[in-house]
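Lettered A, B, C, D, E and F in written order, each chain numbered from 1.
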Amino acid sequence: MLTDRPVERWLREDVGHRDVTNDVPGETTGRLVAREVGVVAGVDAAVAVFEYLGVAAEPVVTAGDRVEAGDAILRVEGPAREVLRGERVAVNVAGHASGVATATRRAVDAAREVSDDVAVAATRKTTPGLRGIEKRAVAAGGGDTHRLDLSGMVMVKDNHVAELGLEGAIERFRERKSFATKLEVEVETPADAPRAAAAGADIVLFDNLPPAAVRRGVDALPDGVLAETSGGIRLDDVPDYAATGVDVISMGWLTHSAPALDLSFRTG
Amino acid sequence: MLTDRPVERWLREDVGHRDVTNDVPGETTGRLVAREVGVVAGVDAAVAVFEYLGVAAEPVVTAGDRVEAGDAILRVEGPAREVLRGERVAVNVAGHASGVATATRRAVDAAREVSDDVAVAATRKTTPGLRGIEKRAVAAGGGDTHRLDLSGMVMVKDNHVAELGLEGAIERFRERKSFATKLEVEVETPADAPRAAAAGADIVLFDNLPPAAVRRGVDALPDGVLAETSGGIRLDDVPDYAATGVDVISMGWLTHSAPALDLSFRTG
Amino acid sequence: MLTDRPVERWLREDVGHRDVTNDVPGETTGRLVAREVGVVAGVDAAVAVFEYLGVAAEPVVTAGDRVEAGDAILRVEGPAREVLRGERVAVNVAGHASGVATATRRAVDAAREVSDDVAVAATRKTTPGLRGIEKRAVAAGGGDTHRLDLSGMVMVKDNHVAELGLEGAIERFRERKSFATKLEVEVETPADAPRAAAAGADIVLFDNLPPAAVRRGVDALPDGVLAETSGGIRLDDVPDYAATGVDVISMGWLTHSAPALDLSFRTG
Amino acid sequence: MLTDRPVERWLREDVGHRDVTNDVPGETTGRLVAREVGVVAGVDAAVAVFEYLGVAAEPVVTAGDRVEAGDAILRVEGPAREVLRGERVAVNVAGHASGVATATRRAVDAAREVSDDVAVAATRKTTPGLRGIEKRAVAAGGGDTHRLDLSGMVMVKDNHVAELGLEGAIERFRERKSFATKLEVEVETPADAPRAAAAGADIVLFDNLPPAAVRRGVDALPDGVLAETSGGIRLDDVPDYAATGVDVISMGWLTHSAPALDLSFRTG
Amino acid sequence: MLTDRPVERWLREDVGHRDVTNDVPGETTGRLVAREVGVVAGVDAAVAVFEYLGVAAEPVVTAGDRVEAGDAILRVEGPAREVLRGERVAVNVAGHASGVATATRRAVDAAREVSDDVAVAATRKTTPGLRGIEKRAVAAGGGDTHRLDLSGMVMVKDNHVAELGLEGAIERFRERKSFATKLEVEVETPADAPRAAAAGADIVLFDNLPPAAVRRGVDALPDGVLAETSGGIRLDDVPDYAATGVDVISMGWLTHSAPALDLSFRTG
Amino acid sequence: MLTDRPVERWLREDVGHRDVTNDVPGETTGRLVAREVGVVAGVDAAVAVFEYLGVAAEPVVTAGDRVEAGDAILRVEGPAREVLRGERVAVNVAGHASGVATATRRAVDAAREVSDDVAVAATRKTTPGLRGIEKRAVAAGGGDTHRLDLSGMVMVKDNHVAELGLEGAIERFRERKSFATKLEVEVETPADAPRAAAAGADIVLFDNLPPAAVRRGVDALPDGVLAETSGGIRLDDVPDYAATGVDVISMGWLTHSAPALDLSFRTG
């Protein structure tokens, strides 16, 4: 697991130089428990927090599992001092990731009411420092991670088009990109969609367009080219966009605004 | 400024090994703009992102300022390549911090409807890696940061009381703590409040109690001892708790569940 | 630029605790010079070394430029002490990256003798710690970076096929991967190539097969599916593989075995 | 072992944010195997890669051992997911280090044809980030590590001599250096060698001189002062320089241009 | 324990790139032993050094224990190579921390001759990089840690008073500080002490004043406000200040000038 | 300069998450001033602290200079907020390093009373995290840094001799060490000194022997082999050891027990 490395910084920022109250002798057990219904993620990060402190930690559920209020997520056993030191950070990281997974599941469920195929995807609008954890939480919630970083896909944006023209911009980045990487093109009007496809786009992005316009764009695309839409889409907007026939609905909301899932830690 | 150090990790997780699309020549200007009304925070972190990349960045507003949709927050000028590399991370961190500040301002405003004196405070339920930024965002929103880490105040919790008794636990930690540090005691019933005060508590915490019980506890406290309440308190609960006469209402919600403020970055 | 961050570690490992001989006063100028013909890369990393030390550094050439013996690559000006401290590390990193770029250019030229279209690509067989620098050096030499890390493309390998069958393995990873990511499938015989394509492969990899077998596999693939070959291919093997009609020839040799380009640093 | 610390960075650059294909359940075994004859080094670094991931790793050979194609170097056992995550980085680092050790052994063997005493040494021309691993690989191949960093020996260079004169420069650094450190002096002509020795050099360096000139310089040195030669020396040049009577032949080629030893990883 | 993280840097700076003499096979045992009488601290850091190297380490004493010459502090068992690599750093860190603890105990004992209540406290004048270890060593010696960092208490200093007036400065920081944090005010004359108390100081600091002036200031303070004194106080000055009735005597000397406790490491 | 990198950690440990009192607007000047006579070192580290914070810093003196009470060491100019944040850490590091330099100068002066040639050297008994700074401070005080880390010289210790015999141990490490590195041998009796020299020692170490025994050992050594003595030597012991004719007196006391030089920072 690679998730355990930020753990040191997380613990340092929470503990400080000297912690008087948790300096208790002996061994103890404890468990991380859900206090409301939701979808779990970030368990591996919570495990890493405890293992960093020399506390054994055993997940009770798997990322993507649904939990009810009162369900245990993780059981731990080790020196009381270290269990107490880890609990707050473990709750914080797993609560945050589970909030993202839960929000994603809700968005996916809303999309499924309308379409069997449309994917709900995250964006690069993630919380600084938590990119990997949030992307994996989105996957746990049934969403698509989208590109993981700038290097993961080539995206032709409006500023490129303004400078080089639509076909010119696509041509430029097709030459520079790796064969291993897809090319996505952001279009400003439905009419640009087939032009982008003809010029070599693997995916066409309809950003900040109303559902009706997205639908027109989707209808204009040839087979084999994917359609994505994004732009301030929240949970309530999902059904309308899902009905457009688009392949992917991308939502920064999943990662930048999902409320944490309420978790608590209980010793003994 | 010390906020610029995580910047390296934030940028690395967003950019990856090779970024084709932002590799453009020349200089450019740009600005970070609010797309909705709110309270700004995290501007120093956004500045640090750009300065790390060799881009000059000048704040237009100060942490704690109220902005309307369309208001500029930050102006930048530098190599186009670096401006484009920094914009997403800058939006992410300032949007997150401003979301915390905005939520805090709302909670403070709700409290002020009922009481001139009650403080709204954050907790240790912060997003891992962002403790300092979130605490400063709470201050920008008019809230109280509460203790910054475990070392910042000695907190006698229910597990200590279970082991040593109320007076015994307070006695133990009074001996161990520094003269520079306050002592807070969590009580389970209003009746324990005056006992805790008599034993030397600087602050008494009523955790997970209904407003009526908190009020009884507050009334039982002598002058000079502060009363704090906490436990799953959300925005709607603030007025009821503010009316209890408590000195401090602490809300994990401010930092773990505040939606981001909608910001965007515009070049040119 | 993100390339400047390992600089601190590179300098520390070269300088140690106390450096007596470079502790000279005054300012100086200097230049990084090629001592043999080749293709330049890693100039940004060399710049970062000097800038870290407070030395101004101005590139004379651009990554991908061809240089002759005696050509200057970089000019620097600053405190003599710091110029002298940086020169060895700057030579080491730029010499290494330029060696990769030069080897890539040779392989590309060899391929072009036979085919106008075939790409020469790097692999994940890079020098630990230098992934990004080497991938960018390959691009500077006219090669294709291939996927930058494990997350950059989904690769179905022989062990997956052994466990799940060819179609089963492809099915499994198509479900799990993001829409933004391509799917490549490694096949063991030419006959498996059309099966992989039919099951949804974007790219088919012929690993450790002789050119004749690769040619049969390429011929069996439908339009729109790319063919890649790899497996211990060295410079002398490039023409034979280029003649197979394959789209991509991948060579670990570019990054793990290219000799450094001979550079030196001259003060004054 | 101190070699395990870069492991985190090496893995992060290879894995990225989310790795779909290696996410398999269960335990597995595997082994690192040589695919060509050579001398092994870097086994401790490969062990560290696996141990970082919680995979048990047992070396089969010792640094400096000669292996044939097919020989196992390392056996591992652990969670399949982690074994698969570690294999590429382990192959990369051990293949690189073994390439350095193999090249060193070849150079030492070439020198032994001519002289029983002459040492083959590395230089500071190492791959950035891998100084310690490469220096230990040189030792494994039977070479001399030379100074490990700038602090490890005081070297009087031509620029010092230009400024202070030969005797003046030696005098200056003899005063400043520790008693624990040797003093080496670079000379431009054979005639300068006895002057450098008389002024207090422990070692005299003949840099970029032809073998005949080196021989004259060596002959002019008194007993107890070591002679070293360097400057673009490749494998084919070793016998000629070994025949000059010099004590040490230093070759940047050992570390900056040695091809990797071909290793592979096999599960099961 | 969080103390084990600097261990990597401590070992790297002591070992360097290649350590020839400690490269011995087999297992060994050893112990850390006091060579003079003193108070022990830093044992957890010494344990962390050995555990980092894979050596089992078991403390024989607890932080704060008094040891005589010859007493064992820590027993270790593990690979001889790693035991030898760790011993110097373990001695250095535990010797330093125990020196701080021993100095603190002496100062506390000196104060107890005169007063049962007065505390001896550390300051922020700690050795860079060792803040937490030194503060915990002070606690082990019976001292008070004082605030752990700038965030741990609000201190109104003479420059604030110069700018805003005594009451103005106190007012300003009372508004800005958290309810969880105490407010200390530095006064220049005894007469300012009751003014500071009236304006809301929790603690009044008499800095660089002679004992007689401190006594006048202490006498002028109301109940419930603590009095602290500081300013170049050394061991010999403690009784005079303890006799003033002050609550806290703060001494930078405890951390910046305490001689190390003489420890040695013995194998076998 | 490489000394500026720990600065980030030093500042973080001193400032914490939020610093209320130093958050003042405007620019200011300030200076670091000696409050007692001594020898200055660590000025470059203090400069690095301020430069990290964006504060211009200009040294007034050079490492090794003698200062009187009241003399300025460093002048700074920059944002008041950052000047105030840096002052404590700057004082701490420069005070510590200057304490080491001052102690070294005293020991050197004591040695000079008796001998013109004997060197006073530091050991590896340095404060963890400050090896380089302390070694350079020793040099500033006129001392010899001795080996900088374990890799800097090969030291044959009593445990090696116990295992392999004196000549056997020397033989073993002569083979393994680089030609660039000296070999020192620790002897237990004066009679072993000439044996060690005959076997190839460059330096012989008399550890924990009284001056008379050291003198006998020194007298028994041939020309060209250096003699060093060490073992709990304090300032008062220096003349007796200097009179033995030994070349080097090594003192851990210089780095582990030197009191800090009293410095203060004054704004305006």
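Odds and ends about this structure:
Just so it is clear, contacts are C-beta pairs under 8 Å (C-beta built on N, C-alpha and C of every residue); 3 or more make two chains touch, one makes a residue touch a chain.
As the structure is a prediction and not an experimental result, all values here were calculated from the model.
Steps from subunit A to subunit F, taking the shortest chain of touch contacts, total 1. Two copies of one sequence, subunit B and subunit C, touch each other mainly through non-matching residues, since under half of the numbers at the interface are common to both. Chain centres here are Cα means. That of subunit C falls 23 Å from that of subunit D. Centre-to-centre separation of subunit C and subunit E, using mean CA positions: 51 Å. Here the CA centre of subunit A is 44 Å from the CA centre of subunit D.
In subunit A, the residues that reach two or more other chains under the touch definition are 13, 15-18, 85, 131-132, 139, 145, 148-149, 151-152, 176. Shown here, the protein chains touch in all possible pairs.
Listed in rising order, the residues of subunit F touching subunit B in the complex are 8, 11-12, 15-18, 53-54, 82, 85. Those residues of subunit F that touch subunit D in the complex are listed here as 119, 121, 139, 144-148, 151-153, 176, 178-182, 184, 203, 224, 226, 228, 247-248. On subunit C, the positions that touch subunit B within their shared complex are 1-2, 5, 131-132, 135-136, 139, 145, 148-149. Those residues of subunit C that touch subunit D in the shared complex are 6, 9-10, 13-23, 85, 88-89, 91-93, 95-96, 99, 124-132, 148-152, 154-157, 159-160, 173, 176-177, 232, 252-253, 256-257, 259-260, 262, 267.
Only residues 13, 16-17 of subunit B touch subunit D when the two sit together in their complex.
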